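First chain A sits with chain B, and in the next complex the same chain sits with chain C.
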Partner chain A sequence: MGFFPLIAVILFVVLPALVVLWRAVRMTRTYGAFERRVRRELWGYMFVFPAYLFFVFIILIPTFGTFWLSFKVPLGQFAIEFRHGLGNYVTVMRDPNVHEAFLNNTFYLFATLIVEVLVGLIMAIILADDRRGFHFFRLLFFTPMMLSMVIVSLLWKFILRSEGGLLSHTLNAVGLSSLADTPWMAHPTFTLPTICLISGWIYAGFYLILFHAAIRRIPPSLLESARLDGCNEFQLNRHVTLPLMKDVSIVCVLICATGAFKAFDLFYVMSPSGANHTEMVATYLVKQILDYDDPYYGSTIAVLMTVVVFALSLIITAFQKRTDRLEF
Partner chain B sequence: MVWMVISAFKPTSIEIIEHPWALPSQWTLGNFTEAWSRAGIGKTAMNSVIVTGGTLAATLGAASFAAYGLSRLVFPGRDRLYILLLLGLIMPIEAYLIPLYEQFRVVPYLGGYLNDSRLALILIYSGLGMPLAIYVLRAFMVGLPTSLDESATIDGCGPLGVFFWIILPLSRPALATIGIFTALSAWNEFLVAVLFIREPEIQPLTLGLQSFFGERNTDYHLLIAALSMIVLPMFALYALFSRQIVSGLTAGAVKE
Partner chain C sequence: MIEWHKIPSSRLYVFSVLTLGIGLLAIACSKQQPSIDEESGITLKFVHSITLGLERDLMDDIVSEFNAAHEGVTLIQERMEADYYEDLGVIKHLESGNPPDLYFEWGGWRLKRCVAKGWALDLTPYMNDGWRDRFFDICSDYMDYEGGTYLSPNGLDITTLLFYNADLFQELEFQVPADWPEFVELCKKTKAAGIIPITSGNEEVWPMGNWAAHIASRIVGEDHYADILSLKEGTSLTDPGFVKTLEMLKEIGDFGGYNSDINGLAAVQGQVPLLQGHALFHPIGIWVMDDWAKDNPDFNFDFFNTPPIPGGKGDQSSLLGVVSGYMVHKKSLHPDLAVEFLKYVSSPEVQRRFLAIGHSSATKEAFDGVELDPKLARIREMLKSGHAIVPPADTGFQIGVSEEFYKAAAAVLVGYSEPLEALERAERGITRFRREAK
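Showing the complex of A and B:
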């Protein structure tokens, strides 16, 4: 790392502070006194300052550090850092494991859009009313979000065990014993979809809460007038509720899509060891660091991943600007 | 989950595996006490509480300040700064974990280095939670009517006064929402903790669990008892605040 953090601190903390102060001094000269407006601007910067510090030290500087590391390779057993130029990037582009991981991630992305966002939306519409039991159901569906990934994976391993697991036990009990022997976690074709379903089980409740909050924001007078105009429940949802939730939907898709490329812990704890067919970009990255002792190559993958996530969110936000915002 | 809590009362792990749906043959509390002492849950839970509490305080404090500045005060570069802070929402944590570790490893702290401390976890969790907190709080504060702080300014309040007496009390629902999300993620976090914490004395709960995975066999009955004990406090917290969460996400709840 060397002097890198020092340069970054000067660039992101000292320099902006100097610019702000310089501006304040210049404005004071122009207006003659340390005037109200100057003071107000300085207050603004001061309010944002603590959060900005957290952001710079925890996220921004390490990100640039990763970029820096991605140009190096370890040299021999003493791991002397050596400038390597673009070599790591060439390797990444040719690495079949990376291709596989990106394909898996894309599959996961579309799967989670369906089992998380869509299911969450449908549940939110069904559970929209403020009836007595519904509050309990919303609470229930949110529960998996509260569990740590370690706990989730343990629970599902219990459920999916091939012998004596809860699922095969239950299937045997109801007479579907042919289904009971499905190797949910052991067979390449089943593993990825199974994990996607588990992911849906975890996060659908989260989107349910987001959509529910959006539905609650719709003024009841709109629904009232639509009902008076003779809408049935389906038309009401199709023509009133859904268009009004466009904004939230795009935020949800954004969270889901960027989250899909960040997916790590579920796959890391759930996938059988040595399995390639559930490799995600993030898990491959961490494996490079922990198992193969090559943080530089890992950093290269990280940079690539960041670029993809960034491009994805740019595309989605561009879509948001194009759709005209409905005011209500 | 109910299955998990009930299974926690079963006396042996064999019973859990062979008759998963059956009720316990005898209800026993022994698992809880044994799990408690084995994982040192008293100690690790204390660590988790400290870390979660510290994270909550830092995140809510800094984020509400920033959200107020970004939503109410006018200064050049404000919107660009906001977008910069939001970048944190889409950055994957794995992408900057290594330099982050290096960065914490060189700072001396209490005779050791900063990476092996509860403070490090607090700082990192706060930094990670900050973008979402700012996003939600700002959205909420934008929805609050400006006439309120104008009248307070006329009555002689400075920006600090407006923040503490007007904006902060009104944003209580949003603060509760963010508080819940922050507490949940800090309580359950595993990756950063496993990478940073070496000292057994300061391990949080999620790491303490590892002591149940033996080399040959896992003591499922103890494990499940421990899991139940970890989940229940968060569940209680969420059940208490769940109504607040929805109203906190419903931006601009205060009407003029």
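Showing the complex of A and C:
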């Protein structure tokens, strides 16, 4: 790691300590009495210090370390000698696997916006009333969220097997034998869309609950007056319910978008080697570090992924700020 | 009861900082597993991935016997699950401040990496008492690197043979094919009979990737195969021989020669159609023989090597095989004792015990005087025949390179890509490895 520990300590321990000291000295000149000075501010810093140390070692140093490693370029196939530079970044930009992974993540993002957020929204609107049984359905749709992702993945793998899988048997039983042999999890054309649908099955219920909570917050008087003005159900949802849920919708899109770029477990279990061209940025990153023993290249991908997720979050939050906030 | 609110905050702070400081000091001062235990003598650490079954019991016995024969010496084992061991587990051990004295490794690229990184002790000075002569000659390529000997081979696995359901084979009145075209004809007839010709679980790409690598070596010749996968200058994965390899696999896929979910099943799941009599052939390594003997004793199977390919430049009887064994860490404080253990493990007596539990052996004498199962005897004859042993791409060469080739094969099997297109994509995927190789 070379100078990394020294630089990390200087950046995250020595520099902040100097800032605190400088502040203390400055306060001495301003306020005079040492006791008052200490009581007012220095104790505060000291109490924050253990939490800060924890934050430094758990968040800051690993983040800084990842960034640092991304500039180490191995020379030779056994990675014994290194030079520092932008070599890894140049390679990442040219790597067709990285291109494919980012494309897959983007596809997953748009697909999940539909099968998770949009489906969750539609279900929330349909199940908005307190009619008998609707509470049960809301709970039912939320249930997949409570299961372990690995178990869900394995379960679906068994269901989707084209030879002997539950879906295959069912399709045969209902006379759709031409579909029964479809290699849902064994052909690049089908695998990614299938995993997106499974993701929808898992998360749509989560968005349903978020949207349901937002719908419950809409004052009934607004809906009632819209109805009195002659709105039908479609117009009511289009012109009243949806605009009032704009803030929640943006939060949902933000959760979905950042989650899409972090997608890992579902893909790692359902299509472990990327044989069906389902490599995601996170799975490719882990493969670099664990399988290829190349933490330098893996760190470069991690930095890029962080930048993309951060940029995406900024865009969405900027969009959120531009929208008018409605007060009830 | 302590009244926390009455304690001055300054005292609480000093107490917390002191506790934290003492804790950190205790961690810093704590010793890791010592190589020399001052009370009980010398301790050697041995890391491997034998975690289950008869092999684990045997290794426990061997270690106990070694410890009993060496007073004051304790050989301790640290086991890891195989997949973790292969990826990161062993590396973390080898790089640590307290590395193991002995560890399991595969010959080929992985051995070279261990040597380059300074994790391997050169065993050449210990080889002069006939130790080296114990191993099959074909092991040499896997034991040696840059003039040194680093591996004590323990297993010599044939990683791809074509296993078949012998009952079905007989029912269809088939004969073992003399060459590749005959094999393809058998596959077509099998398909026409409503049976899956070839079943595999290629989800992790290595089962069919290994077979593709073997076919490629037969077509381009062993040396050129090694040159291509070692990224020698002037070579490319789009070599016409590699393209032909994938075209041959595609030809079988085009008439539905593989199970439809070939790329969606794990290796073990890929065996199921064979065991159930729904599929005829299954390309896989010889380790399945032991599993089937234990778990499916009534299953009637047989095997043959990949048939000769007309016009191929390589040895048409070559075997796809991998040599694995044990290495001594360069930083071991007790290399003599570590080597003594390896000599004991590779002794004919111990190797016969490995054979008895269905494990393969890389030593010549192990087979002498042992009543072998006829199928195992055929394996031994294959190994002794002197034909080339070709390393699979994923253990003999850089894993990133092999994975790209294997993924190309996987894409072709299901008709997703044309052979040349798949290999061109693979070639782009290994650009960075090619740059590093320079």
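The working rule: the second predicted complex is superposed on the first by the 252 of 328 C-alpha atoms of A that agree within 3 Å, B and C clash if a C-alpha of one lies under 4 Å from a C-alpha of the other, contacts with A are read in each partner's own complex, and residues count from 1 in each chain.
Note that contacts are C-beta pairs under 8 Å (C-beta built on N, C-alpha and C of every residue); 3 or more make two chains touch, one makes a residue touch a chain.
Only a predicted model underlies this, so the values are computations on that prediction, with no experimental measurement involved.
Of the two partner chains, chain B is the only one that A:309 touches; chain C does not reach it.
When the shared chain is aligned, chain B comes close enough to touch A:142, but chain C does not. In the superposed model, A:50 makes contact with both chain B and chain C. Once the two complexes are laid over each other on the shared chain, residue contacts for A:292 go to chain C alone; chain B is not touched. Of the two partner chains, neither chain B nor chain C is touched by A:121.
Of the two partner chains, chain C is the only one that A:97 touches; chain B does not reach it. The wider contact with chain A, measured as residues touched, comes from B rather than the other of chain B and chain C.
On chain A, the patch touched by chain B and the patch touched by chain C overlap at residues 43, 46-47, 50, 164, 289. Every residue of chain A that touches chain B in the complex is listed here, in rising order: 1, 5, 23, 40-41, 43-48, 50-52, 54-55, 57-59, 61-66, 68-69, 135, 138-139, 142-143, 145-151, 154-155, 158, 164-166, 169-170, 173, 209-210, 212-213, 216-217, 258, 261-262, 264-265, 282, 285-286, 289, 295, 298-299, 302-303, 305-306, 309-310, 313.
Against chain A, in their complex, chain C makes its touches with residues 9-10, 13, 16-17, 20, 87-88, 91, 112-113, 116-117, 202-205, 231, 259-265, 272-273, 278, 398-400, 403, 406-407, 410-411, 414, 416, 425, 428-429, 431-433, 435-437.
The residues of chain A lying in touch with chain C in their complex are 43, 46-47, 50, 74-80, 91, 94-97, 157, 160-164, 181, 183-189, 191, 271-277, 289-294, 297.
Those residues of chain B that touch chain A in the shared complex are 1, 3-4, 17-18, 20-21, 58, 61-63, 65-66, 68-70, 73-76, 78, 81, 84-85, 87-100, 102-103, 123-124, 126-128, 130-131, 134, 158-160, 163, 184, 187-191, 206, 209, 220, 223, 227, 230-231, 234-235, 238-239, 242-243, 245-247, 249-251.
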